[in-house]
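Handing you a structure now.
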Amino acid sequence: MPEIYFISLKKISMKVCFFFLLFVSTITWAQDPSKNKSAVVASVDKHQKELTHLSDQVWSFAEIAFKEAQSSKVLADYAEAQGFSVKRAVAGMPTAFTAEYGTGKPIIGIMGEFDALPGLSQKAQPTKDPLKEGAAGHGCGHNLFGPGSLGAVVAIKELIAAGKLKGTIRFYGTPAEENGGGKIYMAKAGLFNDLDVCLDWHPDYENKANMQSSQAIIDLLVEFKGKSAHAAADPWNGKSALDGAELFTTGVNFLREHVKPSVRMHYVYRKGGNVPNVIPDEASVWIWIRDSKRIGMAEVEERVRDIAKGAALMAGVQYDIKVQTGDYELLINETGAKALQKNMEWLGPITYTNEEILFAKKIQKEAGIEETGMKGEVKPLEKTKEDPDGGSTDVGDISWIVPEITFLGTTAPYKSPWHSWVVVACGGMSIGHKGMLFASKALATTMVDLFENETLRKDIRAEFEKKKGNNVWKPMVPDGPPPVPKQ
Amino acid sequence: MPEIYFISLKKISMKVCFFFLLFVSTITWAQDPSKNKSAVVASVDKHQKELTHLSDQVWSFAEIAFKEAQSSKVLADYAEAQGFSVKRAVAGMPTAFTAEYGTGKPIIGIMGEFDALPGLSQKAQPTKDPLKEGAAGHGCGHNLFGPGSLGAVVAIKELIAAGKLKGTIRFYGTPAEENGGGKIYMAKAGLFNDLDVCLDWHPDYENKANMQSSQAIIDLLVEFKGKSAHAAADPWNGKSALDGAELFTTGVNFLREHVKPSVRMHYVYRKGGNVPNVIPDEASVWIWIRDSKRIGMAEVEERVRDIAKGAALMAGVQYDIKVQTGDYELLINETGAKALQKNMEWLGPITYTNEEILFAKKIQKEAGIEETGMKGEVKPLEKTKEDPDGGSTDVGDISWIVPEITFLGTTAPYKSPWHSWVVVACGGMSIGHKGMLFASKALATTMVDLFENETLRKDIRAEFEKKKGNNVWKPMVPDGPPPVPKQ
Amino acid sequence: MPEIYFISLKKISMKVCFFFLLFVSTITWAQDPSKNKSAVVASVDKHQKELTHLSDQVWSFAEIAFKEAQSSKVLADYAEAQGFSVKRAVAGMPTAFTAEYGTGKPIIGIMGEFDALPGLSQKAQPTKDPLKEGAAGHGCGHNLFGPGSLGAVVAIKELIAAGKLKGTIRFYGTPAEENGGGKIYMAKAGLFNDLDVCLDWHPDYENKANMQSSQAIIDLLVEFKGKSAHAAADPWNGKSALDGAELFTTGVNFLREHVKPSVRMHYVYRKGGNVPNVIPDEASVWIWIRDSKRIGMAEVEERVRDIAKGAALMAGVQYDIKVQTGDYELLINETGAKALQKNMEWLGPITYTNEEILFAKKIQKEAGIEETGMKGEVKPLEKTKEDPDGGSTDVGDISWIVPEITFLGTTAPYKSPWHSWVVVACGGMSIGHKGMLFASKALATTMVDLFENETLRKDIRAEFEKKKGNNVWKPMVPDGPPPVPKQ
Amino acid sequence: MPEIYFISLKKISMKVCFFFLLFVSTITWAQDPSKNKSAVVASVDKHQKELTHLSDQVWSFAEIAFKEAQSSKVLADYAEAQGFSVKRAVAGMPTAFTAEYGTGKPIIGIMGEFDALPGLSQKAQPTKDPLKEGAAGHGCGHNLFGPGSLGAVVAIKELIAAGKLKGTIRFYGTPAEENGGGKIYMAKAGLFNDLDVCLDWHPDYENKANMQSSQAIIDLLVEFKGKSAHAAADPWNGKSALDGAELFTTGVNFLREHVKPSVRMHYVYRKGGNVPNVIPDEASVWIWIRDSKRIGMAEVEERVRDIAKGAALMAGVQYDIKVQTGDYELLINETGAKALQKNMEWLGPITYTNEEILFAKKIQKEAGIEETGMKGEVKPLEKTKEDPDGGSTDVGDISWIVPEITFLGTTAPYKSPWHSWVVVACGGMSIGHKGMLFASKALATTMVDLFENETLRKDIRAEFEKKKGNNVWKPMVPDGPPPVPKQ
């Protein structure tokens, strides 16, 4: 579920937004950005064409979760060609890989996604028109995500190779973000355990160092099994699984009064009977439960489990609850975000040509949103809200294993609806490319800090440890291998 | 619950009614009614004034369930004055009594009710006008029931006293029929155990030997206990007992698809919260479950109990189910009913004066029903329906202990709504009195058969044993003493 | 929906069953069955091989509703080859046809079905094994239905051709009985208007002249349209179509208390949302409403329509109710049934070989039902129940246009579950064939009566007119052409 | 509904943001508190005994809403005795009155409540023990509220009389706060229209200048009317009003997903049927709807009205929605609150004796809360939360007519549960008295500012006008006179 980003982008009406220019950073910052920073910026510029090409390739492959064979391959091949040591098909997923360079500590990681969304095929043009009817498309901008992150690690690799930085840089090719929780399975395999800091980024319609958490979520499939009977002839001999499902959702709706305002519960019917004259012996409800914190979510989950049990009793049927996946809330690392913010501010705004602005306004018009064009400027650092806006991500889980810093970079017109043709269109042309290259630079310069500045790493770690407390990360995905579909 | 009668009266549209003139009765019947029969008819005529006076006294006392002190007293006193041996305050109920005459077998019993209904006070006139605003009234005709039965036993007593009949006659003063199940507590005390046959009758708008069963019923109070909280400030700290109650009834409504067409379930809210801003910590639902047979009802009861448990789980609250009372279905004794039918036919129709017919039509007009007047004729014996019309009675329990014969006698205009002022009005004047005296005669003549005809008693008992099978009567009322209210 | 038959077969516990040997038929019956009757029996025997071959062809084609191209063709071709005048693709359905012979009145019709059921492929053997995995199969025995009826009309045609009978015989090839209501569209096209009497039969596990009605039914699709929103981010901006659907079904469940015991309502969810994080903007419920009579059903339908409207109001969404199809209750023609019964009794029982009985018992064992073998005897005429058992058929509609006589013939072991592999297996071997040939004979002999006996036709018509009253048949299917799927 | 106070007291976990000493007040404040302030403090001290006596009288009268005859009288009499011009029985309420002194502008008002709560009788001791079983008690501290406000106006009156202040001081004796919305009817009568500023206070467990709004609320009675029928005999002839009520609440529970997190909806059943065997023809639900703003509440109210309409359609019954009362959200006047805060800080903390602290701890122990004793200090000014905690008050309405300043004063141990015996106990002894006298002083000193400082009045008015915008106050109570119960 990548929807956290969708949300953070979409929901501009973030009523809080207190700016924090007052506090004096305790993090030391070189008076002038180091030469290494200038070097990584130059590196990204140098590889611009290759990165853009990679992005366009992944954009045109448009492969969905767990099926990103070509996308994964071009990225891994490029990393290998750049001198990285690549491990493919890690953690039981054919399209998951890591690419590493350097030795010893610190070890700085970054994640790159590359899966597309079904049904969103679209040409790189400002009017809606599928490239191939019914095919998938990069409606979440993941074609930019992978290459953008890769651009950053290549820049760092060159400094390590030149002896300018010491330690290890590692790229995580993380599949199935949209559906499957690929990162969680990589985390279960221990692949993040030795990192000092991890970074990631996500396409957005604003540039910011992310300061907002995401909601913890659990994804449950609640299945009921009853007994068929002819609904006209002897309905009294049937036990309706559908009754079980309906009573379950009714119970959930009654529970809404008694959960905190930050809780979200939403469901659909997976199975709701076949034909009216047969009392359904199978029915199922797919439900997601969220709250700002995993602990709050877990309390509600317990109640929902009781409701399922109660509904089954009521309908006289059997029930089963399958945990399908689940994400932790994102643990914000403010120290890391501030470091990122400084680099973003130094890199200055993304600027757009008149053509790009017209393209953006045209697309906004088509999408029925205000024709405000592009937001290339760097937004001031936000204050973390008490409760995040609605949305969840599997980056949340990683943030409980290692301090996580997230960059959000403009790749689409202001207020673009995410998971839509609009994002696909911009991701396939210069607006998307510019955001991606800015991401590479923002991430690489921040990595320079992380390599150079041990105090920064310690401060980041200290904040992480304090926020994490003695919580132990327990992945919410079911035991067993990742749900990779069979070929 | 006397509603069985209410129903049998009200629901004329009894679609079945096949008449059975074909079969040859195996019951021998004296070519001419015995002299004893003429004697009991004469006895009832002789005591007409006293019986009418008793009825009018009980009518004017209009005492409700368990509070029938005066009504019980005048009936018991009369029996005593007639030479009966009276036991008062039996079975833990101050107003229950038995009155017995004679010795040895056979022992023939009859029941007499005398409790009124709250709020039905009405003058003995054809327009609605309470005798005393807000007071009780005999809307079910029980003022006639007790004296009518007493008239029959007095007639039999005189024959026993004269040596014309041998055995014992016993009158049961059965309180609290409308609310409390007085007969069941008398039965629990073993008071019906030694009877050969038991009779009863009930005011109606037709004359018939009852061939219709009644529904078995269980009366449950389902109570939920939760936890209060301020409904605006912290509803998430509350557990709503009202949610429990509402989910319970929702479950019951979903169950309706899966019960047989003969099942009835109906409920009201006893407690549904006090004030909106407090999450209710108490709520309760009063529910009745019925089916044609106790066994079918018991199956549904199990499901309803599971629903209560499920609802409590759903709402996160506690629950408790209190059995308040319950009636068995009435076991029809066709052999007995046929014997009664013959006597009814011999006694011929009840005839009415012009004044009575006008009174009846006036009352029908006032009550908004067709002005058809009185039905004094004796109806042919009906066929027992597969499923009885809706209604239950505690006579049902007695019918599982001893063969039961029920007479229904016209005491109100055709299609009168029972439990209404109409029934009160007619019960206080000649229309009611005529029905009562006809009841005394029909019951007494049938008792003559029962005393005289051992074969008939054997046939009745054989049918009873066959229908009862190896079922053992287990009263459904809660353990402990009858729910007599404290003074 | 052919389920009426399924039901009549399945529900042996028909509590009523009054036998009527008493009444003296007013229908004159030739002391000895006419020579014409012997002739039609001989004709069926003569064509036995061809009819069996036709049945086996249709059995192996196993074509589902509206796609019965080959099945329809072989039957129509056979009729044409026998000298019938065939009209193909009538009433807007490519597989509907009529085959007629003779001229003038009376005109006697008979229906023949030939559609299979999806997923029921099975070999003609007593253990479950699909002929072709996943393919369709004749689980309702319609492969026998078409040829069996055809055998009867061929026999009659020969008598007309020989001048032994006068009038017209017409066969209706009625497609899509299982799903689509083919007969209703043929009736809308007026194809039954000139008939004197119509016959049909259906495979069953007993031989009887059908005396039981079927339930009137209406098949509705209730669709809700709301507004999507992100279920975690801004659920308050969404209007849930699924809420509409759930509130609708809740309302239906609350209604159950307030419909007569003969009413049946049952539903499934067609659309219940896609993914939990999107407030569903579309949801739909597929519901069937039935009652013993169309008028009762129509009253309930009105209530259900109000419930849909109320649910839409509650959820703040739009709704639409589509009538998909609907059947009238079957108007039983007792006069016709008695005529059929006499012929059945004359034809005597179907007898089975030891091999067939072993086959039947083996199949009963496999299906988990009592090993009682075959019921080849002719059952006494039943009494029509006040309320039919649950089930509906589009033959019901025809029975309001023309007097209808239905034969039920044994083609499967006693108590076989209909719409199952068991019926497919027997339909493809001698047990099925025997039932089909008996059907041809029972129908043809009854047709002889109908041609020969004007009084009988008049009596049948008089009963029909009396029962029909001044009701005018209004088909419940939607306006427009039949729902024939596009190729 | 006085529950706002209950809430603000109870909910200490107010996660959001206190402190704001940073900003420099634009309100001018005399370097030294004026001599007039010292004078009002002295005046309160001078009248201490009388005020305490008044409080104790009202405490012992313990009269509930609209029945505060004696309480109203002693307060009005005291005002009159102090030279105020008193108008009794204003705005159609026998116990409402105003007491005024002085002439001309400015006109400063203050409100005083005096109604008790049913069932809360309690002695002035630290263990639970009713003064009179079942009687009312001052569980919300209104016995202190009236006299405390009166103490303030008496002090101001003396300064006006002495020529030290110019203008008019007015006391509003506001009845029926707990149930009835007395203030709203006084406001409808125009009694607040000429005020410059209005003040009020409320007993609490902390001392603060209130900066928190309250929720807008509407109080609805939703009544359903159906048609009775015997629930066992012919439930299909009934239309259940209770079904209407239950479907209504079900709809409300489904709506919860689609309202903002700040919305609260809660209900109880007023009528839920009488006896199970009668289909209820009457049922009603009492529901309160709240949101942070009236406009948000009004949107939800529209949806709830549709749900009631939909439920009635579903159940086939009639419905009616009665608006019983409703409150506006409280419009916070920060300028006024700051002025109050300064005076509170000048007046310093309330100090307690060891006996009082022991009394407080004892009561905390009895009530099962932490034994933290009393909080006499003045709390720093809070920041207004985006959404208030749950609770509503009819002071809200006044705050849309005239700028309102609310003082909250400690009269009970820390975290005392409001509307409980604890508050009654403390209100009848020195802890309550001390809080009341502090209230008199805090309010009177602030009034001095309001009389002396025209700029302050202007700033307060300007903030009021700005926040109010062009909204026009429309009382939500029904048309017609106040709901004063008949004697």
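So that you can tell them apart, the chains are marked A, B, C and D in the order they are listed, and the count of residues begins at 1 in each.
To be clear about the criterion, contacts are C-beta pairs under 8 Å (C-beta built on N, C-alpha and C of every residue); 3 or more make two chains touch, one makes a residue touch a chain.
Computed from a predicted model, the values in this text were never measured in an experiment.
**Q** For the pairs B-D and B-C, output the one whose chains share more C-beta pairs in contact.
**A** Counting C-beta pairs in contact for B-D and B-C gives the edge to B-D.
**Q** Of all the other chains, whose mean CA position lies farthest from subunit D?
**A** C
**Q** How many Å are there between the centre of subunit B and the centre of subunit D, using C-alpha atoms for each centre?
**A** Inter-chain centre distance comes to 56 Å.
**Q** Report the inter-chain centroid distance for subunit C and subunit D in whole angstrom, where each centroid is the mean of the CA atoms.
**A** Chain centres of subunit C and subunit D, defined by C-alpha means, are spaced 72 Å apart.
**Q** Mind checking the centre-to-centre distance between subunit B and subunit C? Centres are C-alpha means, answer in whole Å.
**A** 48
**Q** What parts of subunit A, by residue number, touch at least two of the other chains?
**A** 231, 235, 246, 250, 254, 257, 266, 279
**Q** Can you list the residues on subunit B that touch subunit D in the complex?
**A** Residue positions touching the partner: 1, 3, 6-7, 10-11, 215, 219, 230-235, 242, 246, 249-250, 264, 266-270, 272-277, 279-280, 286-288, 290, 389-392.
**Q** Quick one: which bits of subunit B touch subunit A in the complex? Just the residue numbers, please.
**A** Touching subunit A: residues 231, 235-236, 238-240, 243, 246-247, 250-251, 254-255, 257-260, 279, 303, 306-307, 309-316 of subunit B.
**Q** Quick check: in the complex, which residue numbers of subunit A touch subunit D?
**A** Interface residues on the subunit A side: 15-16, 250, 253-254, 256-257, 261-262, 265-266, 386.
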